[in-house]
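Per-chain residue numbering starts at 1, and chain names A, B, C, D, E and F are given in the order in which the chains are listed.
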Amino acid sequence: MCIGIPAQIIQWDKCQPHLANVAVGGAVREVDLSLIGALDEQGHSRVGQWVLVHVGFAMSILDEQEAQQTLAALQAMSEVESDVAAFLKVGGGAHALD
Amino acid sequence: MSNDVITFAHGSGGRAMQQLIQDTLVRHFDNPFLRRGEDQARLPLTQLASQGSQLAMTTDSFVIDPIIFAGGDIGKLAVCGTANDLAVGGARPEYLTCSLILEEGLPLATLDTIIASMAATAQQAKIEIVTGDTKVVGHGCADKIFINTTGIGVISPEVHWGMDQIAADDAIIVTGNLGDHGAAILNERENLGLGDQLVSDCALLWPLVEPLLSIRGIHTLRDATRGGVNAILHEFATASGLGMQINEHALPVNDAVRGMCELLGLDPLNLANEGKLVIITSAQSAAAVLNALQAHPLGKDARQIGTVNSQSGVQICGAYGVTRHLDLPYFEPLPRIC
Amino acid sequence: MRWIDDYRGASEVTALLAQISAKMAHLTQYNAQQPLRIMEVCGGHTHAIFRFGLDKLLPDNIEFIHGPGCPVCVLPMGRIDSCLDIAHRDDVIFLTFGDAMRVPGGHGSLLDARRKGADIRMIYSPLDAIKIAQDNLTKQVVFFALGFETTMPASAITFIRAKEMGLSNLFGFCQHITIIPTLNALLSDPNQKIDALLGPGHVAMIIGANAFTPLCQLYQRPLVVSGFEPVDMLHSILMLVQQIQDQRAVMENQYARVVRADGNPQAQAAIKTVFCLKAHSQWRGLGDIADSGMQFTPEFASFDAERYFQPIQYDSHEQPQACCAQVLTGRCKPQQCPLFARQCTPQHPTGALMVSSEGACAAYYQYNQECICQTM
Amino acid sequence: MSNDVITFAHGSGGRAMQQLIQDTLVRHFDNPFLRRGEDQARLPLTQLASQGSQLAMTTDSFVIDPIIFAGGDIGKLAVCGTANDLAVGGARPEYLTCSLILEEGLPLATLDTIIASMAATAQQAKIEIVTGDTKVVGHGCADKIFINTTGIGVISPEVHWGMDQIAADDAIIVTGNLGDHGAAILNERENLGLGDQLVSDCALLWPLVEPLLSIRGIHTLRDATRGGVNAILHEFATASGLGMQINEHALPVNDAVRGMCELLGLDPLNLANEGKLVIITSAQSAAAVLNALQAHPLGKDARQIGTVNSQSGVQICGAYGVTRHLDLPYFEPLPRIC
Amino acid sequence: MCIGIPAQIIQWDKCQPHLANVAVGGAVREVDLSLIGALDEQGHSRVGQWVLVHVGFAMSILDEQEAQQTLAALQAMSEVESDVAAFLKVGGGAHALD
Amino acid sequence: MRWIDDYRGASEVTALLAQISAKMAHLTQYNAQQPLRIMEVCGGHTHAIFRFGLDKLLPDNIEFIHGPGCPVCVLPMGRIDSCLDIAHRDDVIFLTFGDAMRVPGGHGSLLDARRKGADIRMIYSPLDAIKIAQDNLTKQVVFFALGFETTMPASAITFIRAKEMGLSNLFGFCQHITIIPTLNALLSDPNQKIDALLGPGHVAMIIGANAFTPLCQLYQRPLVVSGFEPVDMLHSILMLVQQIQDQRAVMENQYARVVRADGNPQAQAAIKTVFCLKAHSQWRGLGDIADSGMQFTPEFASFDAERYFQPIQYDSHEQPQACCAQVLTGRCKPQQCPLFARQCTPQHPTGALMVSSEGACAAYYQYNQECICQTM
C-alpha cells in the first residue's frame, strides 16, 4: 500500500508557496507542500531538499544525516561480511548471488 | 463557426466530402495514384515483383488519446506503426492506405495538422499514400480521430526472418530505452503532470532495419508496441516453444520513465514503445547486430537483454540472481498509488 | 536514482543475507517446517518481497505472512457496491485511484460500471478532485477516499481546501481505515502464528513510529518499522532476528530517514479536522473491527457522499469457499485456497487478495505459481 | 458477467488480447498467412504478378449503425464494400486485411457473429483475410464496432476501366433498384418503424463484374455507395468534364423504398446502395452489357438510366420533359416531415 | 410543409384499437387512428381503407368516390384536349411534353 | 403507388397545361412582364413546383410567389436560440423533426449544438417522444412542437396521452403557428402583388376548406385548396384561372378526396384542449403577427418547456441585407437578394428560406440556379 517515492524539490514559486516542482528521476511533478511546510525551519526555500511524495503531496523530509549513518553502517558490515558471503556462495545454499 | 469543424456533411458522400478529400488528403499526400480518384489505387505490380517474391501486407488502426503528444501525433504514429510492421518483416515500406474515422466537431485545423504530419512522415520514408477513405461519426461515437493505415512492401529476398527461426542460445536484443511511448501517453492522457521529459519514441524504423538485411544469423525482429517488450517476448516464447530469459539489470530505461514507474507502481517492460525493436539473433551475430544498430542514432542505446533458452515462457533474472517467470498481464497496467 | 538505488545495492543485500543466515542458523528452534513467521503488514512490502525475490533469498526457516495492509485487499464487496450505486447516478463524476478500479463488488467493479456508462475517472492526487469539481459545477463529483493513514492527510487537505473555496459539489466516499486496531485484532487471536512484524513505514511516517510501541508491549512481539527497498527490508529483518535472539520484543525504527518517532504533526492535525473514528468498520476477510475506520467529522459532514447520496448499504456476502481471511491472518497460504488459480485469477478475481498486485494471492499467482525457482 | 463483453484487457496487448485474436479472428478466418502470427502477412508476389501487371489496392472503414440490419451486418458489409471497390477496377479480390476498433462493453457474442459473417462472406468470394488488428476504446469513445478492410487484387490485363475513358453518347446503366441499403439503415437507425420490406442490398459484386471483363466498350464502373447514384454521377461528371443526363422515369426503385421516400421527403438517388453498380459504356455495347447483367440475379433489374452528353454536370429529365440540374447535396439528407 | 401521404390500412388489432398498420408503397408503418376513429361509421374495422398519414397519425380518410369523379373528369378532359396538346407541341411554346 | 401515381399522369398534365395555356392566352391583361401572380401558400407546393418543373411548363404569363407556409422558413432565429439554451442543459433530451436540425439561430443550429455534446435526437412522430420520456425517467425530454395546423393535432394527442399517463418528464417547446392570420397580414399589405392563392391542402384537412372563405371575400382573391401532386396543382391552377376569367373570387376545394368543408372535428378538439392562441408571435421575415401562434392552455401549462426551463428569450436580429421578408411576400425573387448564392447557400444559410428544400431560396438554388432550362 501507500506508494511513497523520494523526490527532490527543484522549483518553487513564492506566489504559490504551497506548491513546488519535484524531480523523481527524470519525471517532474508538482506537489503540495502543506504537510511539511513551504519553508524550512530557517525560513528558507526547500529547493534542493529531498522529500517523500505520496498522491501529490510531500509527506516527509528525508533526513540526510540519518541516511548517511545507516548506509555507512551497512557498508561497513558488507565489507566485514564478504567472507560470509563467499562462504555462502561456495557452500551452496538454495540461493546465491552473482 | 460551423465551417471550421468536421460535420456529418464531410462524411455523407456529398459535396462537403469531396471538398475535404481534395483540400486536405489529396493536397497533402499528392501523388498520381491518388489523383486518379478511382475506387482503388493501381500499383506497378511488375515492378514490385522484380524486387522479390514475397509481398508483405499489414494493417493497424490507431486510436490514441491524446491525438497530439510529446514526440508525435496520431498521424505520424499511423505512418510509423504500419511502416514498422513491414520493416520488421524485412520489407521496405512502399505503399500505404489511409482511412479516417472522424468525430463530428473535430477542428479542421487539427485534421490538417495530422494529415500534414502523415504526409511529412511518409515523404521522409519515401512511402506513397495511394488510396484512402473518410468516415464521419456523431459526437460521442468516436474519440476525435481514428486512423487506419495498411501497407505493402516487398520482402528483401535475402531475409527469412520469422518466429520459426528462433533457436535456443540466441541473443535477445532491444534497440533502446523501454516504455518511452507508453509513459508519455499515460502522463498526458491521465493528466499526471509528470513534466516534459516523457517523450514518445515514435519513429520510422526502416533505416535501422535496412543495415540488418545483410547480416546473417538474425532470426526475427519485432517492434515492441502495445504490451511492451514483455508482450513481444511472450509472443516469441509461445511461437517458438522456447524460453526467453532476460536480465533485469540489463534493461535500458531512461530516467524519466523510471521515475514515473516508481511513482505509479508500473513496470517499463509492460509499457508501449513506438520506435524500438526486439531482435532475436544467433549468439555469434549478436555483436555484429549491436554494432550495426549502435551506428544509427535510433539504435545508440541498443543492448543485449537476455538469451533464448530451452525452457519455456519468459523468465526474468533480478538484481540478486533470483529468476522468476514474467507473467503477461491480463490487463493494461493501471497506476497503483494508495 | 538517489535514495532508491542506494538501498538496492547487491553487496549490501549480500552482507545482510549473510548476517541473517548466520543468526538464523543459531536459532535452532526455527526450521523449514516450523519457520520464524514474520508478518509484513504492508502491501508495499508484499510487493517488494516478490519483485526482488526476497522470500527465495532468505533462509528457509524464515517465512513471510502477508498482512492486511493493502487497502484494496481488505475492501468489503458491499462498499464497492455502494460506490457503484453512487457512480451510476446521473450527473455524478466518480473519482478513484487506479488501484480500486478492478476490485469486484457483488455487482461488478468500477471498471464494469464505467463500461455500462458511468462517468468514472482515475486520478493520481485527491487535489485533482478539486479541479474536476470546479470544471463541472453542474455535476456532483465524488472522490473515493480510500487508504490507510498515509493517504488520509491528502484527502483531509483536499476537503479543507474545498471548504475554504465554498465548493459544494465535491463529496467524499470515505473508506479510510486505520491499521493499529486491526493489528490488535489479529494479534489477540489465539490461533495467530505471528512471531514478529515488519512495521508499515509510510503509515508510521504519519502516525509516528512510537504509535506501534504499545502493540509490542501488549503482545510481546518485536516490530521494526521498515522502508520499502530490499536493503531496508533485509536490514529490518536482521533487526527482528536480533531481537528474537536477544529475546526482546520492542519497536525499532529502521526507516528513520523518513519516519519520526512522533510522525507528521501537520498531517495528524489535518486528519483530525476532517475525519474521526467510526464505531465499527467491516474489513474484507476479517469482519467487523471496532474503531478501525474513519468518517467525516460533523464539521465536514456536508462533504459526506454517504450522507448526501444515501447509497444502498450492501451486505458483503463473501464466497464461502474463499480463504481470504485465513490468508490474511497467516493461517493458510494462497495456493492452499481451493479457488486459487482456478475460479480465482487476476482476470476474474473472487477475493480481493487477487486484485491488487500487492494482494498476497495475486503476488503468488504472478511471481510464484509458475516460478521455476532457479537461481543463477 | 464481465467476461462476455469486450473490456480494455482485450486491447491491451496482454493475454486477453492474444486469446481474443486466437479464439475469434484466427478461428474464423483460419488460413496459413494468419496462422504464422507475424506482424505482416507474406503473400505470393510472383504468383500475383503472373495474373497481370497492375495491383489494385483499396481501403474502407465501416462505421454503420445499426451493426446488424435487415440484409446484412457490418462484417458482411466490410468484406463486400472493399471487395467491390477492387471489382469495379476489374480486379478479382484476392486478399483482405481486417482491423477492428471495439467499444468497451461490446458483447463477445456480437463480435463473434460479425466475424463469422465476415469469414462466411470472404469464403464465398474465395478471399483470404490475411492480417488484422484489434483496438479497444472506452465506453462512449466508439460506436460498438468499427471495421477497416483493405484489399488487393490483380487487375485483369484485358480491362482498362477508368473515368478517363468516359465519352459523350455513352450509356449510363445501373444494375438494379436504387437506395435499398440507405433506406434500410435509415429505417432501423431512426426507429422509423417502416416494416420489413426495407432490406439492404449488400452483396459481393465480383460475380456480376466478371462477365463484363470480356465485353469491349465498357468505359468505367463504380459501386454506388455513400451519396447514392447521384454522388457517383457527379464524380463521373467532374472527372470527365462531361454531362450525365438521366431520366427520372427510368430509375428503378422498389416499392418499399419509394414509400419511404414519399413519407420522408427523400430522393432515392441520394440514398446509399451496397450492391449496385453504375456503368458507363459505349452506346454500341449497352445491350451486351445489359444482357450480361440481367443474366445474373444481382443484375436482373439492370437498366439504362441515361446517357453521357457533351455538357457538364448532372441533369435529370423529369416525367414531363423538364430537364434540370441535379445538385449534389452538401449534406446527408435529413427526413422532411412537418 | 406538412408532408402527408396516402396509405392503406392493412392490419388492425382490436386489443390496441387506436393503432393500425398502414402500407405506403411497400413500406409499412404503425399509425395512430385517434384522429379518424378506430372504427368506421358502421362500427367496422377500417382495414382496406385509405387514409392520409402525417407524423405517424392518420389524419383523414380518402374519399374514393370523390376521387373517382375528379379523375374521370380529368380523363375526359385529357381526351378532349389531345388536339390542344398536339397543337401546343407543334406550335412550339417554351415547353413541350414527350 | 395508388393515390400518388394517379395524380402524376402525363396525359392529364398535358391536358391541364393545354387548358390553362388556352385560357391564359385569352387573358391578355397578363403577360411575361405583368404575369398572373399565384401565391402557393404551402412549402409542400413550392417543393412540388420545382421538383416537377411546373413553373417551366406553365405559360410565362403565370408566375408563382412562394408563400410563408413552410414552418422552418418562418422560424425566427431567437426561437432556435431558446431551443439551444434548453437543449444544452444537463439531463435534457431534445427531440425535433429532421426539418429543424439545420436552421441557423444566432448561436448556431441544433446540429451544431449536438456536435458540442447536447443530446438532440430526430423523431418521425411526436408519439416517439412518449416512448423516449418513459425510457428516460431521470431526464427531461423536450419535444420541439413545430408546424402549422396539420401537425398540431399530433402534438396535442401526445400531450393528452402524457397527461393521462402522468408522465411528468415530457415537455413541449411550442412553435405551432397558424396560417390564416399571416395570410391576412400579407393580403392586407397595400404593396402585395398576389392575384390568386393556391390554398394549403393539409392545413385545410384539419381546419376545413371553409376556413379560407372569409379571406377570399375580404380581399377579393380566388383561392383553391389544392392537393400536392402535379395533376392536383395544375387542376387547381386551372380552377383559379377559370375564376379570374369569370371574375369570381371564391374558395374552391380541388382536394376534396382529403379535405372536408369543415375539416377534422376530432383534430380540432384535440388542438383546442392543449393549445390556445398567443396574443403575438414573431415570424421570420414577417415580424410580429397577432394571434398567429399557439401556446399551451392553462390545463396543459405544466408541459410548457418555456415555463419549466425559462430559457433566455433572444431577439431575432436578422441580417440587414437579407431579403427574406421581400421574398416571402412576393416583392422580390430569391436571386435578387444580394446574399443569394454568395453569403447565403444551403451549406451556410443566412436566411431560413435557404435551409429547408421547401424554402424558396433553397429550391431556387437547388433546381434553378444552374438550370439549363432545356426541354425535351
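The rule is simple: a contact is a pair of C-beta atoms (placed from the backbone, for glycine too) under 8 Å apart; a residue touches a chain by one contact, two chains touch by 3 or more.
Going by UniProt, the chains are A, E = HypC/HybG/HupF family hydrogenase formation chaperone; B, D = Hydrogenase expression/formation protein HypE; C, F = Hydrogenase maturation factor.
Keep in mind it's a predicted model, so treat the numbers as computed, not measured.
Asker: Which chain's C-alpha centroid is most distant from that of chain A?
Answerer: Result for the farthest chain: E.
Asker: Is it true that over half of the residue numbers where chain B touches chain D are used by both copies, so same, or is it different?
Answerer: same
Asker: Higher C-beta contact count, C-F or C-D?
Answerer: Counting C-beta pairs in contact for C-F and C-D gives the edge to C-D.
Asker: Would you kindly tell me how far, in whole Å, the mean C-alpha position of chain D lies from that of chain A?
Answerer: Using C-alpha averages as centres, the distance is 63 Å.
Asker: Let me have the rounded angstrom distance from the C-alpha centre of chain B over to the C-alpha centre of chain F, please.
Answerer: 57
Asker: On a C-alpha centroid basis, what's the spacing between chain C and chain E, in Å?
Answerer: Here chain C and chain E have centroids separated by 76 Å.
Asker: By the touch rule stated above, which residues of chain D touch at least two different other chains?
Answerer: Those would be 7-9, 15-16, 138, 140, 192-193, 255, 258-259, 262, 264-265, 320-322, 329-331, 336-338.
Asker: If a residue has to touch 2 or more other chains to count, which residues of chain A qualify?
Answerer: Residues 1-3, 5, 24-25, 55, 95-98 of chain A each touch two or more of the other chains.
Asker: Among the residues of chain F, pick out those that touch two or more other chains and give their numbers.
Answerer: In chain F, residues 1, 4, 10, 13, 56-57, 71-72, 97, 124, 128, 147, 150-151, 347, 358, 375-376 touch at least two other chains, as defined above.
Asker: Sort out which chains touch which and give me every pair.
Answerer: A-B, A-C, B-C, B-D, B-F, C-D, C-F, D-E, D-F, E-F
Asker: Under the stated contact criterion, what part of chain F meets chain C in this complex?
Answerer: Checking each residue of chain F against chain C gives 90-91, 138-139.
Asker: List the residues on chain A that touch chain B in their complex, please.
Answerer: The touching residues are 1-3, 5, 21, 23-30, 53, 55, 95-98.
Asker: Spell out the part of chain B that touches chain F in their complex, as residue ranges.
Answerer: It is residues 1-3, 5, 7-9, 15-16, 104-105, 138-140 of chain B that touch chain F.
Asker: Spell out the residues on chain F that touch chain D in their complex, using ranges where they run on.
Answerer: Against chain D, the touching part of chain F is residues 1, 4, 8, 10, 13, 47, 50-53, 56-57, 71-72, 97-102, 122-124, 128, 146-147, 150-151, 230, 345-347, 356-358, 365-372, 374-376.
Asker: Which residues of chain D touch chain F in the complex?
Answerer: Contacts found on chain D: 190-193, 255, 258-259, 262, 264-265, 311, 313, 315, 317-325, 327, 329-331, 334-338.
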